[in-house]
Amino acid sequence: ATTGAKSDAGAAKKEVRKVKVAFDQGGKPIGYLDEKGNPTGYEIEVMKLVDKALPEYEFEYVPTSSEDLLVGVQQGKYQVGVKNAWFTEERTKSYIFPKEFLGLSGVGILLKKKNENIKDLSDFAKAKLSLAPIAASNAQYTIVDEYNQANPENKVKLEAGDAFSVDVVQWVNEGRVDGGIYLGATYEKQVLAKDGPYHNLANDLVYNEFAVVKTWPLFNKKEQEFADAYDHAIKKIKEEKKTNKLMVKFYNTDLFKLLDTVKR
Amino acid sequence: MQTYFDSAYIWGALPQLLSFLHVTFMVAGLSVLFGTILGFILAVMKLGTSKASIKIANGYTTILRCTPSIVLLFLVYYGLPAIASNFGTDLNHLDTSIYVVITFSLQFGAIMSEVMRTAYEAIDRGQYEAAVSVGLSPAQAFRRIVLPQASVVALPNFGNSLLELMKEGSLAYTIGLVDIMGKASLIISNNYNSHSLEIYLALSLIYWVLSILIEQFFSKLEKIFSKGKLVIKTT
Amino acid sequence: MSVGLDVPFLVKTFFVALSGVPIALLITIVSLLIALPSGFLLALSRINRIPVISQLARVYVSFVRGTPVIVQIFIIFTSAPLLLAPIFEKYHVKTSIYDINPIWYAFIVFSLNTTAILIEVFRSAISTVSKGQLEAAYSVGLNNVQAFRRILIPQILVVALPNICTATVNLIKATSLGYALSLREITLKTQVAANAGYHFIEAYIDIFLVYLILCSLVETLFKLYEKRLRKFKAAAA
Amino acid sequence: MLEIKNIHKSFGKNEILKGVDLQIDRGDVVVILGPSGSGKTTLLRCINFLERADQGQAIFGDIHVNLKSATKKQIHQIRQRIAFVFQNYNLFTNKTVLENVTEGLIIGRKVPKADANELGQQALAKVGLADKLNSYPSELSGGQQQRVGIARAIALNPDIILFDEPTSALDPELVGEVLTVMKNIAKEGTTMLVVTHEMSFAKDVANRVIFMDGGVIVEENSPKEIFSRPKEERTQHFLRRVIPEDFIYNI
Amino acid sequence: MLEIKNIHKSFGKNEILKGVDLQIDRGDVVVILGPSGSGKTTLLRCINFLERADQGQAIFGDIHVNLKSATKKQIHQIRQRIAFVFQNYNLFTNKTVLENVTEGLIIGRKVPKADANELGQQALAKVGLADKLNSYPSELSGGQQQRVGIARAIALNPDIILFDEPTSALDPELVGEVLTVMKNIAKEGTTMLVVTHEMSFAKDVANRVIFMDGGVIVEENSPKEIFSRPKEERTQHFLRRVIPEDFIYNI
């Protein structure tokens, strides 16, 4: 956005403001560093479009961990962070969620072929199957937790763990667990894609999506003005369907088609 | 096992990991350097006669030793710029590696101060006395006579702490600094979390070789310093 | 840094963090119970250059000390079942390999690691005790075990204790890696509590406080013990 | 009671003991004389297995052992019957004076603690240290440490005591006292092998004197013979330099 | 050359030195006698600041110091002129015999290495250890270690040497030799303060003998006077027990 910086009427020529956009560098295909070390991924590419649309801002992308991203945005070290973040009421205490969401994320259950008929969490709970541990700092944990609170009579056994040590695909296929909460985007790239590292398991596994969820950038509490600018820009980008194209590119599907079914 | 294991990933990962080795070296090297200096100062304070210095040094050691690394890292990473901004300096653009080095140095110093204190105290006081009696200054007596003997005692523990520090890459990764450990995580996530076993095996291989080299170096040093020493042998 | 801290959450979660202490302590104690004697014996084997054992000890130390604990956890947690499952099947072992409580993995990994660290701690401490002490003990008719227990170990411990203390404190902190095994220890419990609202700053403060309290207590115990053991040395100073 | 045959011991290329034979009977008091570095300490250490000899036999009462290949059990048995007074004291630094003396009794010999304390106090009283029971070795003067070492050995009431220059750190007044103590325990029938430079002790108490030099026994005889009519030239030479003129006439 | 006034020193509640005065002139050889535990070692240690006295003054040539509050610089200056031979040797365990002797020369006195080695070898030759230059202390016998300690002190050619029982670990033959060495350096004009139990040394070499007991100087006189006509009862008592009958007549 260095080009064509406009000056507001009445004020002195406004300087281009540099802002830091933190992203979870281990979040392929949402946000990650490519072979050459450049930031890319669905959410990054959308943010790049936003940057272009906002001449008075210049974005700098800071690769970091999701822990640091959360602390850093809250503290103001980063003005905004993207990490496939979902909305919860409580989170609005610490961050500004803008009006416009950033992307969509499909969530489902990864299962062995023989459990194909399990379509959602309540089926899963009824069948008394075991679920792979979910990282404590992951919103998937919250989804299951919320389900459990809403359905106290039919709970899924939920265990916290770490994304780091849990290879859900392997665990499910191995039989260590019966199923795992999984992201559609990852499943597409990892198992369905011909060059995916677990393409050899494509016939043994199924992925049943039970929800599509909006993902949001998290703004620092003092950045209302920036958030508003973002809203303004993203609205147009979405209208131009540029987001759909990026989603196909990075996730292999266009979840925007399912937007009517999205509840949160 | 074959279903999940593909040794090609190991060989593929090795060169990628190795190209980040210099980051590991840089961070560990600087932290060891500064941490050792800090540890030395603290050890001197602990061994001195001033009650206040002893209290300060002990307190520092307790707090730094007991603080989880990740918390300390955040304290430095967020606290330092906050303090600096009170003095009108903006540190937010400082390289992340600097924060990592500061964090490790602070922690390494606390641990080294205990290593050095015990090593010093283990040396018979007669050695120091004899040295000053032949006209060495206390500093010379320390450097020439006590230090080499204390080093023998300190080296194994120093080695422990040094290797520990080298492996703290996951911590650096938390604030976005990528060393070989961090690179391993990146490779894994770029594979969508699959084949991590192979990547970690490659990582272990590199670490293992490093640790062997470092140990060889230390045992050479130990040999040099332990000239003339009789060790306990059971019969 | 204290802008916008959610104090009620902070307080509530402090107790959540506290409830993770027992499991952290359990892992620590079990690991120490295994590592202290084996570290000591292996240190002796290295000093006495006992063939085979001392070489094996070296290889073992270099690997365990050289590689990150979290990676070791990962390797053993991922591959042990894969390697063992066929064996279990072959010998018709009834229990499923996946039903093993993951805390066993923690016991194994942390005792192996602590042993490696303690080998070096003891090796350095043993070298400070004069050979004459052992000889004198023999000369009054003590056997090896008695000589070590009564004469050498108290002298060795004085030198080793501060470094054992460091190792213990590090071990307590390292039990947080148990999250990778889904062990419900301090860090994991706190992180889970923090997740829904992204209360990570509060979570870190709670984690910090709990570890600080826990480790300072442990450190104090060590200091007291060191003081008692040092009685004979203090006299000389 | 103790017979040693053909001990050899080298440190690296240096052969320190070159085939030493020794026979000690119950109640014997044998003094070893010899210049510094002649291997006296090494000989005592080999007898007590603090140093492994390269070659040699020992017969200790009913126990026959090869000094090179003795088993742990044999070594332990022999050590239970031998006490050692070290040239450089080697007191247990982490034990008080009394504990130093009682340690071997309580732990090694399983003597009840109260009895051991009693025995320990008696031994310490004999060497004039009844008032230092609860001091640590680091708080003692050199002479005091030496005396604790002696008390530690005599308290064990062993079959044989090996003394390595037990009076070297003592002042002459104490030397007299300690030698008196040693004389008394000799009279009680304790067998003793003593490396010392106290000619008067050799003269008055020993029933045999051995002169060592260069790792071999040069001469061995009754004190009277060896002091008045040394046979070997090296012995004559040594004695001439260390004994006052009038010493011999007093024998 | 060295004057000490009113040294007091306690360990805990135990008062070890209770006001000792001492005056030593250039070329003096002063011998301190006294029973074990009377504070002889402690006195030497206080003079060399290895122990901080609780009270007292020292005048060393042009340097006047308070023994309790001397500055680091003063201490260093004084130590540069004093050498110390320790009762328990205190050899540098990580240095060879020759390095033990040359360390103070090369580092403390800045003597060029070649010269220092030369001086070191001379000093070691004087104590009969020319062949052990490259051994480590742990490879030496007790007597050999003691002699290295002496060589280390004399190589420094200091204004004054403090000897703490320099011959206690030596065999009589060597005692004679070492005392000869000490006599020679005394003749060369080195001032010496010697704690020893060798009465013959006191008699032949000392120009003054001090008898200490219970932390005070009981009596001080020429050897002739003190051995033949001790004034104090405690001295008489001590000497009667430690000196052979005929000793006095030989004076």
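First chain written, first letter: the chains are A, B, C, D and E, and each begins at residue 1.
One rule holds in what follows: a contact is a pair of C-beta atoms (placed from the backbone, for glycine too) under 8 Å apart; a residue touches a chain by one contact, two chains touch by 3 or more.
Computed from a predicted structure; not experimentally measured.
Trainee: So which one's got more C-beta contacts, B-E or B-C?
Mentor: Most contacts of the two pairs: B-C.
Trainee: Going by average Cα coordinates, which chain is farthest removed from subunit E?
Mentor: So the chain farthest away from subunit E turns out to be A.
Trainee: Among the chains here, which has the CA centroid at the largest distance from subunit D's centroid?
Mentor: The chain lying farthest from subunit D is A.
Trainee: Quick one: report the Å distance separating subunit B from subunit C, using the average Cα coordinate of each chain.
Mentor: The mean C-alpha positions of subunit B and subunit C differ by 18 Å.
Trainee: Between subunit A and subunit E, tell me the centre distance in angstrom, where each centre is the average of that chain's C-alpha atoms.
Mentor: Roughly 83 Å separates the two chain centres.
Trainee: Counting only Cα atoms for the centres, state how far subunit A is from subunit C in Å.
Mentor: It comes to 38 Å between the two C-alpha centres.
Trainee: Report, in whole Å, the distance between the mean C-alpha point of subunit C and the mean C-alpha point of subunit E.
Mentor: The separation of the two C-alpha centroids amounts to 52 Å.
Trainee: Among the residues of subunit B, which ones contact at least 2 other chains?
Mentor: Within subunit B, residues 4, 70, 74, 78, 196, 226, 229-230, 235 contact more than one other chain.
Trainee: By the touch rule stated above, which residues of subunit E touch at least two different other chains?
Mentor: 88, 139
Trainee: Quick check on subunit C: which residues sit in contact with 2+ other chains?
Mentor: 1, 70, 74, 78, 82, 130, 133, 138, 144, 204, 233, 236
Trainee: Once bound in the complex, which stretches of subunit A touch subunit B?
Mentor: It comes out as residues 25-28, 32-33, 62-65, 67-68, 71-72, 75, 77, 163-164, 167-170, 173-174, 186, 189-190, 196-198, 200-201.
Trainee: Enumerate the contact residues on subunit C facing subunit A in the complex.
Mentor: 1, 3-4, 6, 70, 73-74, 77-78, 81-82, 98, 179-182, 184, 188, 191-192, 194-201, 204
Trainee: Touching subunit B in the complex: which residues of subunit C?
Mentor: These residues of subunit C touch subunit B: 1, 44, 47-48, 58, 61-63, 65-72, 74-75, 78-79, 82-83, 117, 120-121, 123-131, 133-134, 138, 144, 152, 159-163, 165-167, 169-170, 173, 176, 187, 204, 207-208, 211-212, 214-216, 219, 233, 236.
Trainee: Give every residue of subunit B touching subunit C within the complex, in rising order.
Mentor: 1, 4, 62-63, 65-71, 74, 78-79, 82, 111, 114-115, 117-119, 121-123, 125, 152-157, 159-161, 163-164, 167, 169-170, 181, 196-197, 200-201, 203-204, 207-208, 210-212, 214-215, 226, 229-235
Trainee: So in the complex, the part of subunit A that touches subunit C is made up of which residues?
Mentor: Residues of subunit A touching subunit C: 67, 70-71, 74-75, 88, 90-91, 93-95, 133, 136-139, 141-142, 145, 159-162, 164-165, 167, 170, 174-177, 218, 221.
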